[in-house]
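Have a look at the structure below before the remarks.
Chains: A, B, C and D, in written order; residue numbering restarts at 1 for each.
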Amino acid sequence: MNWTDHLPALLLAVPLLGAFVTPLVSLGGKMLRNTLLVVTTFVTLVIAFLLWKDVLVSGTAVYVMGEKVFNLTMPSGMKLPVRIILEADAFSAFMALCGAIASFAGALFSLNYMEGFSGMKRYVSLYCLLTVGMLGMTITGDLFNFFVFIEIASIASFGLIAFWRDKAEAVEASFKYTLVSQVASMVLLLAFGALYGKYNALNIAAIGSLLKFGFMEKIVLVFIVASLACKCGAFPMHMWLPDSYAEAPSGVSCLLVAVSQASLYGLVRVCFSLYGVTMGASFIPWVVILLGLASMFFGVTMAVVQHDIKRLMGYHSVSQVGYMLLGFGVGMLVLSDAKGMADYGFAAIQGGVFHMFNYTMYKALLFLAAGSLYYTTGKRDLNDMGGLARKMPYTTFMFVIAAAAIAGLPPFNGFVSKLLIYESSFAVHPSLAAIALISSVLTLASFVKVFQTAFLGPEQNAFLSVREVPSGMLAGMGVLTVVILAVSLFPSITMSYFVEPASKALVDQAGYIGAIMGGGM
Amino acid sequence: MWGVVHTGFGSWDALAWILFFGIAAFFLLWFRSLGRSDYKKGTDQDEIFWSSNVVPEDGAHISVPADAAYWGFRKGMEPFYKGLVGMHTGLAPDIVGWYVVVVAIMSVLILIV
Amino acid sequence: MKPLSLIVRTGCNLFAWFMLVFGVNVVVHGYASPGGGFQGGAIVATFIAFLLVSYGGEKIHSWVNEKIYDLILEETGLLLFITLAFMGLPTSFFYNFFTIPWEAYQQTGRLFPQGTTAIMSIAVGIEVAGALSMVILSMFKGIRLVSDRQIEEEPGHDR
Amino acid sequence: MIGNAPFFVVGLLFLWGLMAIFTQKNLIKIAMAITILGSSVNMFLVALGYRTGGRVPIHFLEGDGGPMVLPTPQAMTLTAIVIALATTALILSLIMLIYRHYGTINVDEVRRLRG
């Protein structure tokens, strides 16, 4: 028995343990609590990395909770798996790694950022729980557990968004998010229950092997797609997103980005692995593409007119999610068409997967940089800022890198994933690529505005005493900057080790099902 | 090479771009070094020129606020922005309403198509 | 604050203790019968709600130290739960490592407490009892005791 | 037909909860609507757990007849109830905070974040 077999369970168990021991450890003082937060998230990151490496070498990792043998999915005489099963293929492990990096960076940032606030033991506890929810969503192999983890993440994030309960706006944002998130979750649970009623199973692989596309499955698919699109902030359902991203403490906004990516992961997993080719090649792919186009265009046009820095970035999140939806939608469109898949479909999926990673990294960094501005100046309104580049050189440097990456300026990683999406969506219809390009230009325009008003310009008397942020915050941003630069400089290594295995695992429905059902498809 | 990504239509080489930026930076610094360094420090040649007015002490008075950026763009797109900003009412039931409307439309359409 | 009628207060005071006993009963038999950790814990938490009804918030808050619920009960439950989960680890996470074999049941016809399942049920019961009592106490405090006070600004915002 | 009665009730409750979110202005009533929504989904799960000819999945209450019904929907419902409880507690706390900050629980007046 090799201990690396237990990595999927440990990935969830370690942050859970961290969340549970926090009240006890907090008795020992502030230093001990901060150490706990950093150590927990760092160990999680290491486990996520090892899991990803393990999956890359030895194929899909399956873990059955509480079974005599850790990967015995179907005990004797069972036709369908009944236990709680974790399944980590290359795509799940990729997403878990991506989320763990964001979680670690946010934790480092929070140490200095959140000092001086009361109730920090709750913050640490909820932060670990939010990490558990986000990681659980990415590696679970079971629909109901997906729901449980999405709810763990939601409830933890309601608490964290309203963490500054002395600010009325934070409470309001949290209330709005609670309302829409609960309605979406209930619809999601309704859909999962309907699937259980028909197929007597909750495991994604087990249902996927039995699924026939009928009346009920159509409705269920719509419910799942719409709910998860709402959770990751696609256009007409995005209004909670700028509110809650803007009002949450910045370390949390950074992790919320990863949580929304986990929701997107769920959407993609359901479409590719649960439904797969049975989904048909017309309606749902076009819905996803249209949601993507609407999100990217309207999100960015709303962002151009904002003057609250975090709210502006929240609208950019809507816009960036649109790119991924576009990429995955184009991939779904040609799922049953081998020639189209080889021509441009696979490139689109690669673009979507790569953009998920890039987006998490640079948007997390942007939120952290906005948090640094709030930390030093106490303001979020861009009208009141200016001339901060001389005072905060490191923050400025990292902000410029993140802004260039999100705008898709050529040497940076955002460009590579956007290039893949442009070229593949151009093959479907040129207008898709045109809208994507216009959105990209507007993204650049709005970040030029942020950079010009906040960092450039003459020094202002109000900010004479402003200094560079403390080292903990710089370290949090530094982690993400290093990742962005590494991915930018070595795109082909990233593509062949990170993105390509993940995209292959995503497309390979039979492989995902076979890992659980024993190849009996 | 480890900087090249093939997209299926073409390729993207990060190193070539970095090389290009290096060359561009070289030329840029070279042209900059051709400039005159014999200006008189501490005189009017060193001052900010602000439409022949006295430059204010506080930088806040001469910096461009964020609201002023892209004023023409917003003015030109006014009808569009009126509708779009009007959509974001900020009421909690409206947010749920958009979700319900999307689910309803999708459910009806998927049964028709 | 106007108290409720005498009948309600006396009745609640009397039944609170029965609810406590009943809740514990539900928790410890949770491994095989309807009920279990969460339900029993929720019943145990009604104890504090009944006491609030019969004695009023100020008295209860002067009697009860919230740390009992917050630290002792919740932490015991949570740590017991996750320790049991980790103890199954050489085999698998959550593995039921001292289960009583099925053959024993077939010989005697009696269902024994099934190893870690029963203890986890008790752990969950302790945790839920602590957490729900905490929720009731702090929400009552929020409504009744500090409603006239404004929320003070956190010191961390101004630097 | 009568076997489908629980599902009609589920549908009615769900629509009722959804309507209440849009028609009610009181935040407490909206919180109640969310709870009704959750209850209807729980009822849906319980209603579809039974399979014809199965037995009660409780050890000492089992009757005669076929195999035990798999108690997964019951487990799901319990989990969903726990989650709904946590959410209800949280949403009520948020409403308390909103009342203190805004001095109202009318949903139309809680709209500082817009545009």
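FYI, a residue touches a chain if its C-beta (ideal position, glycine included) is under 8 Å from a C-beta of that chain, and two chains touch if they have at least 3 such contacts.
This structure is a prediction, so every number in the text was calculated from the model and none was measured.
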Exercise for the section: Tell me, please, which chain's centre (mean of its C-alpha atoms) is farthest from the centre of chain C? Expected result: B
Exercise for the section: Could you see whether A-B or B-D has the larger number of C-beta contact pairs? Expected result: A-B
Handout entry: Inter-chain centre distance, chain C versus chain D - centres from mean C-alpha coordinates, in Å
Key = 22
Practice task
Would you mind pulling out the distance in Å between where the CA atoms of chain B average out and where those of chain D do?
Solution key: 45
Handout entry: Gap in Å, rounded to a whole number, between the CA centres of chain C and chain B
Key = 54
Problem - For chain C, residues that touch 2 or more chains besides their own - result: 151
Handout entry: Touching two or more other chains - residue numbers and ranges from chain A
Key = 165, 175-176, 179, 183, 243
Exercise for the section: At least two other chains touched by the same residue of chain D: list those residues. Expected result: 18, 21, 30, 97, 101, 110-113
Practice task
Go ahead and list every pair of chains that touch.
Solution key: A-B, A-C, A-D, B-D, C-D
Completion exercise
Seen from chain C, its contact residues with chain A in the complex are 70-71, 74-75, 78-79, 81-82, 85-86, 88-96, 151-159
Problem - Residue ranges of chain A touching chain C (in the complex, touch as defined) - result: 1, 6, 9-10, 13, 16-17, 20-21, 23-24, 27, 63-70, 84, 114-118, 164-166, 375-376, 378
Handout entry: chain D-touching residues of chain A, taken from the complex the two chains share
Key = 82, 144, 148, 151, 155, 158-159, 162, 165, 168-169, 171-176, 178-179, 182-183, 186, 189-190, 193-194, 196-197, 200, 202, 243, 246-247
Completion exercise
Residue set of chain A touching chain B in the complex reads 175-176, 179-180, 183-184, 187, 215, 218-219, 221-223, 225-227, 229-230, 236-237, 239-240, 243, 282-284, 287, 298, 301-302, 304-305, 307, 343-344, 346-347, 381-383, 386-387, 410-411, 415-416, 419-420, 423-424, 445, 449-450, 452-453, 457-462, 488-493, 495
Practice task
State the interface residues of chain C toward chain D in the complex, per the touch definition above.
Solution key: 32-34, 36, 38, 42, 111, 135, 139, 142-143, 147, 150-151
